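Two complexes follow with chain A in common, the first pairing it with chain B and the second with chain C.
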Partner chain A sequence: MKRRSSHSRLGLNCRAQVKELLRNVQLPNPWSMNTFIDQLETYRQREIDLCAFLWTPGSATGAWHPYATHDVIAYAENTTPAHQDHTIFHEVGHMLAGHTPRCVLSTTEAEGAAPHLRPAALNHLLAAESHALDEYEAELIATILLAQVAKIRPHGPLQRRVEAVFQ
Partner chain B sequence: MPEQDTDGEWTFAAALRHLIARLHPADRGPYSLAEIGDATGLSRQYIHQLVHGRRNAPRYQNVQALADFFGVPPNYFFDAHLAQQVDSEIATLITRREAATSEGETEDYGRSLLAQRVMDLSPHAQQAVSALVDSLRDYEQQPRTTRSRRKPEPHSDAT
Partner chain C sequence: MIAGALFYGVAVGAALGALVRLWRLRRATDRQAGIAYCLGLAALAATFTAMAPPTQRLVNQLIPDGGKVLGNALTLTAAFSGLVVTLYSQWPPELATPRVRRRLPWLVLVLVALITTFALPHSTRLTGSFDGLYSSHPELATYTVVYATYLGATLISQGRMFWIFARLAPFFFAVGLRLFVLADALGVLYAAAKLVVLGGHLLTRSTVTAGDTSGVCHQAFSSTSCAVAVGGPATVVIILIGAVFFCLLSVRLDGLAEWISDVRSYRRLTPLWIVVTAAHPEVLNRAAAAGLDTAAENIELRLTKRYVEIRDALLLLSPYRPSGGGDRHRPEEEAELILTALRAERSRQPLPDAQPGPVPGPNGGIERDREWLERVAIAFNRIAPEPTRTAERMTQSAA
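Let's turn to the complex of A and B:
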């Protein structure tokens, strides 16, 4: 189990990871997530499939599922393109940070494997304390990437505000 | 296999001890009596008495609170047969968890990592079961060569 450093050090690590990534993978201009994913595939030598799913209230907003030879990133089809990009960057964050994927069951699998156990039991068994920190790290990486993408967009008040934050 | 008390009976105390020992995340030890007390509203001292068999007929609402916290049916504590089923389900999930997180796992089975936005997380809001995984499974049924691998491009970029 990885030892976790403080949150401030985590921030530095995330920035460093994004910097390293952007040294090797250009953010496409004009911005296109599909093109970015194409380039990320080339850099990692591993294919990434984007998979749309229908989000319903209470559902997770996205997922990353690494397979033996490729990765799948799920994003909600019923939301804005900007939110979709945020989700996909969040999953990319998990990938870059090298997080361990967790055991998550589908509702059918849970009913089959453990019909008497309620969600609380499954969470006790399958969730872990490190997961919250993983989520924080992935979200931080996503935020940094989004800020970089915002710089690509045509000049406007939003971009100036974003740049002011990072000066 | 659920432990039994020294005289071989399936007691409330034995059932509770077993749950505490087994039902906790992999990366930490069992929940402490204080933690269980905080989550259920029961006092640490009361739970201590339950665990050591000093209160053999707890009030039903307290049994309910413990059952709700652990996510087991309340009758788990009273019905040895049901307890055995629950225990084997717990064992199945522990095996599953260990398979999913070990190196060199070859079966793609239940090994997804879900994104959750940080602001949505509360200590117990983590999802070990998700409808999203069903969508992923459906998606994976289609051959990779025929299914879409990219998102639809927006036609205009409105900031």
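Let's turn to the complex of A and C:
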């Protein structure tokens, strides 16, 4: 009961965090993750680098590492764009909730997995660990955000005005 | 009495709608459009109040046949306000306002013309319908021409815009907007019919009035003149009520349609989800370990979660996929490839040396990807019709 109620509170917190985020960072219409990340950078006043890597069995599908001046989010490139969006949202969820990842790979191992990134930009990136509760929180935030993206209908300004007036 | 109740009922509904819109102005993103809509509903309320038989009788006691010119003037004002709403919907406020200002003098001119032609002395006492008086009272013909022409032109502009809006709208909202188009089309027909009746009376120099000898139509469609004067407008009113009703409720109705669609998608994904998550239960572990009660979440979240779990599991299965195939091959082929990968993994075949290729799927957003997976799931269900037993058999054969 205690565990369940703490998850209920966490669920409410996640929803509140997403609501607060979407008040300041609108989901672009038509949907574009790059545009969303640009807006998120402006909101957080920190750069975010997206890094695609080839997922192989045994590795994580995504990771996030904060640096002094910027954040790096890695995501598996060998899956569909919508699935990649979820992975990125998951890492954004860690970011929003202020989680602290622990790195378990060396720089050499990380460079081997993503050789196209400059070494200075990629350090201790992959296979960062998070607490199980942190994972739940990030996953819920990602699911809520992706569900919002699913509701986006390509609307021009005319459509938006008509709906605003008549509905 | 019934007619009066209907008119006053519509007026009260329109007035309440105006008040609700006024209250919503606090949160409106486009205040000018919101104000235009409020004023449009208020004009509609005033028109229906003026057109109600008891109001007409009261006004006619003060000014003979004054109820007619009041009703006509308010009808034109309501039509103009409807046009203003479409202009503020079509254009941003800074472009809509000049367009409204250019059209406003025409309304003022028409209203002045109506009141002037009505106020001129007439040899006959006016009793509602001008039919039969056109040849002897050319000013009444002018009145009717000005009224019908302005009403028709305004409704054509309005109807054209509602037609364009309807093509952009989701289903139930589009129904409401198309009902506005229908009401406008019938209104244009009514205006045209008035001109045709006028023309007929002028050509034949007829003195026949609409309805009975007093010019009153006791039934809406008892004659052609009564159909034009009473039945037609009454039909337009009923359609207008339906249009406003659908537009107001369309958010809920389209939301309900979307909910039903989400439930359908959730069920369609089930056979594929059962099998691939049985092969890779770790994709469910985060939720299970955290004690997340997914049944309590709304269908949007549950559907999104199901989609993600399927995609996570397919990525984990990707090393066992036979090479070849892209994102354009048929759902049936994809279902076969997934089944082959599941069998290869369960039979503990060694991992191929090649790097896992991309997991097939459309390049679009989550909606397209989900629709694709639904088609794959339907095909999968055909080749593995008992997904739970398939999952159990695969687990047992692997053991």
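The definition used in the following text is that the second predicted complex is superposed on the first by the 122 of 167 C-alpha atoms of A that agree within 3 Å, B and C clash if a C-alpha of one lies under 4 Å from a C-alpha of the other, contacts with A are read in each partner's own complex, and residues count from 1 in each chain.
One rule holds in what follows: a residue touches a chain if its C-beta (ideal position, glycine included) is under 8 Å from a C-beta of that chain, and two chains touch if they have at least 3 such contacts.
Source: prediction; values computed, not measured.
J.: Regarding the shared-chain residue A:158, is it in contact with chain B (first), chain C (second), both, or neither?
T.: both
J.: Where does A:68 make contact in the superposed view: on chain B (first), on chain C (second), on both, or on neither?
T.: Only chain B; A:68 stays clear of chain C.
J.: Looking at the overlay, does A:147 come into contact with chain B only (first), chain C only (second), both, or neither?
T.: second
J.: Now for A:81: first (chain B), second (chain C), both, or neither, which partner does it touch?
T.: Touch status of A:81: both partners.
J.: Go through the superposed model and pick first if A:98 touches only chain B, second if only chain C, both, or neither.
T.: Neither partner.
J.: When the two structures are overlaid on chain A, which partner does A:34 contact: first (chain B), second (chain C), both, or neither?
T.: Once the two structures are laid over each other on A, A:34 reaches chain B alone.
J.: Between chain B (first) and chain C (second), which, if any, makes contact with A:132: first, second, both or neither?
T.: In the superposition, A:132 contacts both chain B and chain C.
J.: Between chain B and chain C, pick out the one touching the greater number of residues of chain A.
T.: Answer, by number of touched residues of chain A: B.
J.: By the touch definition above, which chain A residues appear in both interfaces, chain B in one complex and chain C in the other?
T.: Common interface on chain A, chain B vs chain C: 31, 54, 56, 61, 81, 132, 135-136, 139, 153, 156, 158-159.
J.: In their shared complex, at which residues does chain B touch chain A?
T.: Residues of chain B touching chain A: 23-28, 68-73, 76, 82, 85-86, 89-90, 92-94, 96-97, 99-101, 106, 108, 110-118, 121, 123-124, 126-137, 139-140, 144, 147-151, 153-154, 157, 159.
J.: Residues of chain A touching chain B in their complex?
T.: 1, 30-34, 37, 47-54, 56, 59-68, 70, 72, 74-75, 81, 84, 87-88, 90-91, 94, 99-110, 113-132, 134-136, 138-139, 153-154, 156, 158-159
J.: Which of the residues in chain A come into contact with chain C in the complex?
T.: 3-4, 7, 11, 31, 54-57, 61, 76-83, 85-86, 132-133, 135-136, 139-140, 142-144, 146-147, 149-153, 155-159, 161-167
J.: Which chain C residues qualify as touching chain A in the complex?
T.: Touching chain A: residues 28-30, 33-34, 36-37, 85, 88-90, 92, 164-165, 168-170, 173, 176-177, 247-248, 250-251, 286-287, 289-293, 300-301, 303-305, 307-308, 311-312, 314-316, 318-319, 327, 351, 355-370 of chain C.
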